[in-house]
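Look at the two complexes coming up: chain A is in both, with chain B in one and chain C in the other.
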Partner chain A sequence: MGTFEPMVPEAYRVRKVIRELADTYTLELESVSGSPLHYAPGQFNMLYAFGVGEVPISMSGDPSQPHLLTHTVRAVGPVTQAICASGRDSVVGVRGPFGTPWPVEKAVGKDVVIMAGGIGLAPLRPAIYSILQQREKFGKFVLLYGSRAPENILFESELHEWRSRFDTQVNLTVDSASGNWKGNVGVVSTLISSIDVDVSNSLVFLCGPEIMMHFSILELIKRGFSKNQIYLSMERNMKCAIGFCGHCQFGPTFICKEGAVFRFDQIERFFRIKEI
Partner chain B sequence: MAEKSQVIERDALDDLLKVLREQGYEVIGPTIQESAIVYDRIDGVSDMPVGWTDVQDGGSYRLKKRTDESRFGYVVGPHSWKKFLFPPELRLWRAKRDDAGFKILEEREQTKKYAFIGVRSCELHAIFIQDRVFMGGKHVDPVYKSRREKIFIVAVNCAEAGGTCFCVSMKTGPKAQSGYDLALTEIVERERHYFTVEVGSERGQEVLKELQHREAKHDEISAAEGRTRNASEQMGRTMDINDLKELLYRNYNHERWENVAERCLSCANCTMVCPTCFCTTVEDVTDLTGQYAERLRRWDSCFTIDFSYIHGGSLRKSAKSRYRQWMTHKLATWIDQFGTSGCVGCGRCITWCPVGIDITEEVKAIRESEGGTHGDQT
Partner chain C sequence: MVTRHKMSALLREAPLFQDLDERIVDLLAGCATNVSFDAGEMIYREGEAAKQFYEIRRGDVALEIFVPGRGPVTIETLHEKDVLGWSWLIEPYRWHFEARALTRVSAISFDAICIRGKCESDHELGYELMKRFSKIIVERLQNTRMQLLDVYGHI
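Right after this comes the complex of A and B.
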């Protein structure tokens, strides 16, 4: 035996670095070997910073461009800081893709509500791109996004672009704002009451901090959505992404294998248990 | 393949070890180290704990001299076979920086070819369970697989049970039913000391051919059955597994978890000694020049705070949530994950818990608070 195959990263060169926010960067990567990486919206990779470590990061780019791998990373600790600090032409390791996708195909013919909080918009962006590329196949399309403050709004210019489309409803809110913010103030779940969709024929894709997803689900259910119309992306510590390390367990599920995207009714039993 | 039980005399055990060595196996079996039975390399029966037994209870383990010369007159010690198939530390890969960023260095490791001597039935089941974890899914652990495929297993049917054993409850023992190459039952009588042998594979048959053996007689077979019966009747612990998964799923918020948390030291002993626990962490290291990096995999435990760390803090901060995670995983979520229980009833976690926390007692306490068994509910 040689190396431990499923744990070996492949070298990717950083082609472009975009500073999104004070602590958040988007990296465009290209495989050194030149081979494409096909993935579905919602899937993630393990990104490796040489000698520092490896962490799960969702794809945030356009899945129809498999030669250009895009990740948006918030620097919160050693590995994400090292990744964000990678300059143009430097190399990072990539393993993937892993995890379950957002059910974009299932949403064909339905209204779609996308709800994101903070960096949670990044894992949803590939789904947004996919839907917009075949916009005519879907009913109404609503995007609800909340961030802590106006200066933390991710992909702001794109949000404005999407908002200006006549076929897309984009509502933004911030937890708190001072000065000249003219938009909504409040948590993202407060936007649910205002949306105009056919509740009985729609799907919801939800991604953000667990507490945000918790309150959003309560509101969605109040609004008449049923539990099997809500999909959410869960987060746990991950050391392998291939079902071996045990770290990502959430009740009986391994988030790396059966998630990160789940249909809410399938995990509801475990969702509200503290410290599970 | 011999369908019928065979017999080898006491001293043929040494020949068996020799034959296996000659066939290129690294022979691993019980030894005594630091006052405990520990599986390690053995060169002959003289390395084995001949004439010893163990006395086990919650939080206590002691070796004691026997009055006979039994070769396998004890049950399981703190280590299981998992350390050979699933090493406590493993280098996953090594890389060197180069013009293309980095290059993974080729490594050549001769696959270990082990013969395990004295695998108990519960331990065989633990191996079957880890087979599902490491080879049963989409991804395969290549190190586990290459070692697993080569092992030669000499099982031993327990003639006596230990103070913390409950394999009968878990339906994993005390007699090995399948998955071995040879299975021995040791019979020590006043005038005679021999083994009955079951052959479980072609390879086992080939090895047996090299030893002096003959078909077992009726009284020898019934002597062996008597030993198994004896062990079954001696179980130090029992666990009612009826509806156990749902019992635990219903009781994530049971007050008993607080109670056990007051006793549990979060020392992780239970996960380290458990023959099925498989969690690992990784460590990335570089050399001083920063030109070489490697990634190590190490056994980890759900009892550590870091285990559930995500940015902002650990998810399982309380000892209560960590013990609950461990026990619920062993006995409930494992069934949904892999189609079997994660516990084989070997009793190690009970014996090696410094404060004697007993998984069978914890189940009993939760069950009794609900008013007995729920076997009739589905």
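Right after this comes the complex of A and C.
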């Protein structure tokens, strides 16, 4: 980008819309000006649906392709619904990138456990791409993913692809299933006991609804992981994204500036306290 | 047919019996046999008398419940080293769900009447089993609560 004006959205054209699930869409965007947007896995943009509003949405694409911006959005309210309804060639506003990244570099030489629930797989996908692109630099690589039902599994074909690799362990589970589902049934934290990693030399990247992260952390600690090995993304709501408005205050920190990715021991005191 | 000595050795490998006194493991081995189920085979049905419990040695098992209009719904899957069934321990000793082998399953089956009898006459055995099964029951209860919370439902 040229001079970065953090409060001024840049126009991006929707190049492709992929319907992932009944309420979740992936948008591929290209800057109208043609400039690339370099970002690190775990960072987010403020996406602006003109005339409706602006929301924080994590990157979900491949960070090595800065000309193609990818976001996966679940329609839960007016702004996300408007973004999901954007047609091909329509224009949305983008401000960013903001926030702290997943510590992919810190994980070099270690085993990596990526743990996601529901839409939480989207903010982790750039980290997965980065790790797989330089797979030899890491030890064991495990991906644990939980969703409500088989029909709610995000990025299903990619999960199959990753699972078919010899150097990646992918374990899925759903909360309940009828029909032909032959996989695990149970909450995502039940997968932790089965992973084969060197617990003392691993990092965990965790993303999902807060309640899911809460139970997963309890189970990770039971399994022997220490609090400073667990990184999580706190996706509470934001407005300015530049540490200005105070909307995202979380204890003494602003999530938009010092997060959204935090090391668990640094935010433990405030975690699970609603709307601090 | 596995000898009692061999069965005791097998039981000592199972997490359920970890750190148990040898005398107690031997008592349990007297009520245990090796069993196997083909993929798709029903291990037990809802409402039937709970006459056994199992320690899964290999394979996967689905716990199912029949929901009118939806058919059988899997509510949990169990795998190697998991314990299958605790209704044998609590009156009226009837299964609450159905258990079906998802793959070929090898398991150790414990005769519930035999074990209940030994627990009545040997309270140390009874207490050890109660402690271990309470832990399993609490873990399953927590998991069920999380499923009810629909933890993926919100952002």
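Everything that follows uses one rule, which is that the second predicted complex is superposed on the first by the 267 of 276 C-alpha atoms of A that agree within 3 Å, B and C clash if a C-alpha of one lies under 4 Å from a C-alpha of the other, contacts with A are read in each partner's own complex, and residues count from 1 in each chain.
Convention: contacts are C-beta pairs under 8 Å (C-beta built on N, C-alpha and C of every residue); 3 or more make two chains touch, one makes a residue touch a chain.
Worth saying up front: this structure is predicted, and the values here are computed from it rather than measured.
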(request) Determine, under the contact definition given at the top, whether A:76 touches first (chain B), second (chain C), both, or neither. (result) both
(request) Using the superposition on chain A described above, determine whether A:242 touches chain B (first), chain C (second), both, or neither. (result) first
(request) Considering only the touch criterion stated at the top, classify A:5 as touching first (chain B), second (chain C), both, or neither. (result) first
(request) Applying the touch criterion given at the start, work out whether A:140 contacts chain B, chain C, both or neither, answering first, second, both or neither. (result) neither
(request) Tell me which partner A:187 touches in the superposition: chain B (first), chain C (second), both or neither. (result) second
(message) After the superposition on A, what does A:148 contact: first (chain B), second (chain C), both or neither?
(response) second
(request) In the overlay, work out which of chain B or chain C sits against more residues of chain A. (result) B
(message) Per the contact definition in the header, classify A:223: touching chain B only (first), chain C only (second), both, or neither.
(response) neither
(message) Just to be sure I read the superposition right, which of the two partners does A:15 touch: chain B = first, chain C = second, or both, or neither?
(response) neither
(message) In the overlaid three-chain picture, which partner chain does A:54 touch, first (chain B) or second (chain C), both, or neither?
(response) first
(request) Could you list which residues of chain A make contact with chain B in one structure and with chain C in the other? (result) 76, 235
(message) Applying the document's contact rule, which stretches of chain C touch chain A when the two form their complex?
(response) 62-63, 67, 70-77, 79, 102, 142-143, 146-147, 149-155
(request) Under the touch definition given earlier, write down the residues of chain A that touch chain B in their complex. (result) 1-9, 11-13, 32, 50-54, 76-77, 90-93, 235-237, 239-240, 242-247, 249, 251-252, 254, 257, 269, 273-276
(message) Residue numbers of chain A touching chain C in their complex, please.
(response) 74, 76, 117-119, 146-148, 152, 173, 175-179, 181-190, 194, 208-209, 211-212, 215, 235
(request) State the interface residues of chain B toward chain A in the complex, per the touch definition above. (result) 90, 92-95, 97, 100-109, 111, 133-134, 137-143, 146, 249, 252-253, 278-282, 284-286, 290, 293, 295, 297, 300, 302, 307-311, 315-318, 320-321, 325, 329, 332-333, 336-337
